[in-house]
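Shared between the two complexes below is chain A, which has chain B as its partner in the first and chain C in the second.
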Partner chain A sequence: MSATLHINQSELAAPPVMATLGQRSLVIGLVFVVVCAFGAFTSPHTFYSAYLTAYMDWLGVTLGCMVILMLQHMTGGAWGLVIRRVMEAAVGTLPLMAVLFIPVVLGIPYLYAWAQPQALAKDVPLQQIAHSYLNAGGFVTRAVIYFALWGAIAFFLLRWSAEQDTSSQHSTLRFRVVSGPGILIYALTISFASVDWVMSLQARWVSTIYGMMFIAGQVLAGFCFVVVMETILSKRKPMSEYLHPKEIHDHGKLILAFVMVWAYFNFSQWLIIWNGNLPDEIPWYLRRLNGGWAAVGLALVIFHFVAPFVMLLGRQFKRRTRTMVWIAAMLLVMRYVDLWWNIEPVFSPTIRVTLWTIACPLAIGGIWLWLFARNLRQRPLLPLYAPHVRELLEPAHE
Partner chain B sequence: MSQLPIYGMMAEFDTPQRLMDAAHHTSAAGYRKIDAYSPFPIEGLAEAIGFESNAVPLVVLIAGIVGGVTGYVMQYWMAAVSYPLNISGKPYHSWPSFIIVTFEMTILFAGVAAVLGMLALNGLPMPYHPVFNVPRFAFASKDRFFLIVFASDPKYDASSTRNFLETLDPRAVMEVPS
Partner chain C sequence: MAQRIEEERSGRKQAPVIEPGHTFGSVTDQISSIVLNRPTSTGWFIGFGFFFMLTMMLLYALAYLFLKGTGIWGVNIPVGWGFAIVNFVWWIGIGHAGTLISAILLLLRQSWRNSINRFAEAMTLFAVASAGIFPLIHTGRPWLAYWLFPYPNTMRVWPQFRSPLVWDVFAVSTYFTISLLFWFIGLIPDLATLRDRSENPFAKIIYGILAMGWRGSARHWHRYETSYLLLAGLATPLVLSVHTVVSFDFAVSIVPGWHTTIFPPYFVAGAIYSGFAMVLMLAIPIRKIYNLEDFITERHLENSAKVMLATGLIVAYGYVMEAFLGWYGGSKYDAFLLWNRLHGPYAFFYIMLWVCNIIVPQVLWIRKLRTTPAALFLISGVVLVGMWLERFIIVVVSLQRDFLNSSFGMYYPTRWDWMTYIGTIGMFLAAMFLFVRILPMISIFEMRTLLPEAEVKE
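Moving on to the complex of A and B:
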């Protein structure tokens, strides 16, 4: 084979299927946005909890992809290069996610006990918490800080990646200068954000591992989304030319690792709270193990841990998108179920599926996927001038 | 000096790609008992010389299950049968508190089985191996790539195998004494 490759950036454009995906997603998204807008006005008490669940789910995919992108800049490796543009397109939806946070802010009086005068009146310790930390002003200020930090990371990584498409002269050092601290910033901000947005739904309940559970879940969601996308893309040029079983295998191994990390964090929280059996902590689980919610918890154990764990043990299973895509799709659904099981029992002691439980993830997801597909189509599917990319396109080890 | 029995015929190559091509051609020519040596792992080479799978994953899986069951049963027997203790009013058979040790025992058994199973199945440690009778084989850990057809292959014939390997563009073809 020739030593130099003559590849045109236009040959690396995303396939037309992404345009179709974007259009159909947008139609579905807009239909359900109308449904959701109706819900926000007619039944805010059931709508906002569903909205928060769906929002956290899609934010998880976005931020999960951002962490994996930063990890890829820090470690390098073919596993990350082949999916870098998919992750960058997902990270590019952050402005949308910032806008979609507005309904959460509007929902504060319906969602959070610390913002409800009648709940505050009979709970003196909660008044102190609300006075010093959990209040609407602080909530919004902190959210602005989180989004500013995430936005700054995303802005620089995407901008420099675009510059890298024009020539190989740019240094890759600056990616690492942002990504290293960026991973740390993400871990800290998502810990605070998960406390603000989800844990504070039960204002008196505290779990120190809660932020870690969100990190594990978001990275897992990011990887699963990437595997679903690479399944669609690898059936067509150009990705069919450079995605090998070895890279799919690596993604499978990483998904297995994060399935186990998710289970580990969740079990740690359960073991400590179950063992302590303290009146401050145990109601969180009592709420989620009664009124039908136990079935959801059991489904999480089986489909978010046991089934993927057992299936991902096999080597051949992890080397094919044909098999991996089912695990990835199932885990993406289970990510939503996990968040639903975390959030919805606060508002309903018995299991409850409303129209909004279905409509909100479709509304946000439709628009999100449309923007993702649009971002993906604007750039070549491989960062052609990034180090080692050309090795991917050449025959093995020549 | 008496003639030693022959272990196989070895070809030396300059590049990994030549070794890969040679491995494919040798397989295609009907040779089944072949092996390849390279200073670094080459993706696809194992498949090219006819490797399909080995028993190490199965050994690890069985050992892991045995370890997990052992860990759980051990704790159950201690906490609920042999010396039942009332700990904060919880049942004797309190499964959540058994999980950590069960997990650790699974990992311990699986990890030890992975190392021992690997050694048992690849025959290491091996103080003597005929391929080192070829002096040039020392380069296999440096920058040369080797392919060997074992004399035990039914299709092996000293002259025809040598002639066949010569067609694969090797740097040299050497007979390996046993």
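Moving on to the complex of A and C:
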């Protein structure tokens, strides 16, 4: 019977490897922050697009984890309980991501055609939208609103989760009260954010599915990050005690599902735009399928869809972190490549890899991982008083 | 006890999937007796008779159509896709809930589906059958409809594979085939139960033939489980693919209001939305009339309502994105479309679409309403109307005024349009009446697996 099970919260602390991970990430991060700061001043024209790409990538992991956390609160299930603290630690980096948005704001004149007077002068319809919607004031105001909403969701979920660690008396209803509308708020804000931050790079190009593609990509990034982390954690106590193949299997299935959803959205967008072949829309693909970018597109088809899809079909494959971690790591890289393929062709008609393409994700990622590891170490790895957690700690019946 | 603590802490009490006190025997008795022992009521005859008459009206409308041609409908240039396409999309969307319940919820191990999957699958079949009529008669010469299939012929007629209309032929026919197989295979163990319990020799023979020699041996069960799981795997992509192809019918064109990239996921969500509305509209009276409240509990109603709320919000997301990006994109045709929807001759229907599909269903956030059958029944009706209006707006308003002012026009459905549409509703419901009378509407053996007796002790 579970009531007889006595567990000390200190036994559930994150393993020391997280401290090592945090320190090393911080060192790498700081080194590349210096490199990036140098880039921002010396070559802003190539730097800011790379920064935006890297920023969207890590924001994807953060917000992806936030959605999965809310889904976990709404649906329950052991698959989410075992990774809840990993997701919460990732959501805890949101203040950092808000600060790291400042360089994007600084980069507005370099990034967006709607902020460049000479581009505006040539394009009358763009002037209209730049006047009423796409302007620096509106851009910043909306970003503040997005971060305020995300921050509010994260604040309540994390705070109540901390309260839950102290006693079993708290109702879990309030988690759902925030999570249900929270998912809705997230879906709408990230859609508008993706229009502001990425879609508006290609002036006047419109695709109504674009926001959904970001949602699918971010959730996928969240799951992949979680699988990488659980691979590191599950080799050591305490996670080695309670992470069973069944939960890893569930994570694998969810990754497979989101790989398919991502491919489905991308294929739909491509087919509809290709078949319509309209002068307003098709340039987006012409840019990305010429000048060497087609190879990147093909790599996305293969490594963001075909390869993970085929490999994840196998049952045994999905039940081991040893095999899953490779897929998850590859998909995390492909998430970055996908964003790169979305953003960089706007600035360079031919394929271009700069120093910043490499430095920016390492700079942001290093600091991000340091904060993540710090968050993770502050709390026990399992929410001990959450419903059904004790069942996890009983011996598996498989 | 553990469950009660759980409920107190989570602040709510959930209805069970099956009411307590049932045994293997009582479940079998109660479900099979509806078909075998219960006398056919007058109400059943009246209901069936009424809907059968509507079916006859459908046949009349079709006969006249074949005699005269599609000129009897309201379709003309510029609106060449009238009721036939609106109703086709509406019906095929309704079918999606059945497949979602039977296939996806099975793979997701949602055992609450066990009491609603059977009639939801039947609903899928009848809905797809009703849907299938429309594109067939819309061809104008339905006796030549087989030209849609790529078969070797001397006429050098070959379908245009770049057209999603041809993909539709494959998508819908595959969908019907898989749905039928899935439904029938799921029925086999129950048909054997009816065969064994039936006292009428004629019924015994019919059920016996349909049960295909089922003896319930371990090997039979093993093969059954394997094939059922495989079919579930095959049916799962169909939930997405069929309505995706339907959405491509519109989206690959360049008509404003049709050519928009969000259409595939938005159509799929809308399909599931209307499908669950239909499931609720059928389940609520059925559980009342046949006293099945023990099996179709408040939990089922609430879960279906939640699915409706979620998919309805995805549909709302689609409307918001379409309207916002229509304005943002700065294309004058898209802007005119939005204006025409809001202020044009069909504006009333567009406003009603928002009311029915988006505004009214928000009351489903209230838990009390999610568990009140009468309220759910009404809301589901509103959603079904709303989803029909959505297709009407998409089909008619986009075509009615597109690029050239000189080719603007109006669309007015004729009585033949209405007779065909109402006739298919009659056919659908008449088939449902027959189904609940002659086949077990709830899966007997799957319900038995939900009982505490069925739990394997280690």
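Rule of thumb we're sticking to: the second predicted complex is superposed on the first by the 392 of 398 C-alpha atoms of A that agree within 3 Å, B and C clash if a C-alpha of one lies under 4 Å from a C-alpha of the other, contacts with A are read in each partner's own complex, and residues count from 1 in each chain.
Assume a residue touches a chain if its C-beta (ideal position, glycine included) is under 8 Å from a C-beta of that chain, and two chains touch if they have at least 3 such contacts.
Computed from a predicted structure; not experimentally measured.
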item: Touching partner for A:275 - first (chain B), second (chain C), both, neither; value: both
item: Winner by number of chain A residues touched, once chain B and chain C are compared; value: C
item: Touched partner set for A:206, first chain B, second chain C, both or neither; value: second
item: First (chain B), second (chain C), both or neither touched by A:246; value: first
item: Which superposed partner A:309 touches (first chain B, second chain C, both, neither); value: neither
item: Chain C-contacting residues of chain A that also contact chain B; value: 271, 275, 397
item: Chain A residues touching chain B - in the complex, by the definition given at the top; value: 244, 246, 267, 270-271, 274-275, 277, 313, 315, 395-398
item: Chain B residues touching chain A - in the complex, by the definition given at the top; value: 15-17, 20, 42-44, 57, 61, 88, 96-97, 99-100
item: In the complex, chain C residues that touch chain A; value: 2, 6, 9-12, 162, 240, 244, 248, 251-254, 259-265, 313, 317-318, 320-322, 324-325, 328-331, 365, 458
item: Complex contacts: residues of chain A adjacent to chain C; value: 2, 125-126, 128-129, 133, 168, 170-173, 180, 184, 187-188, 191-192, 195, 204, 206-212, 264-265, 268-269, 271-273, 275-276, 278, 280, 387-388, 397
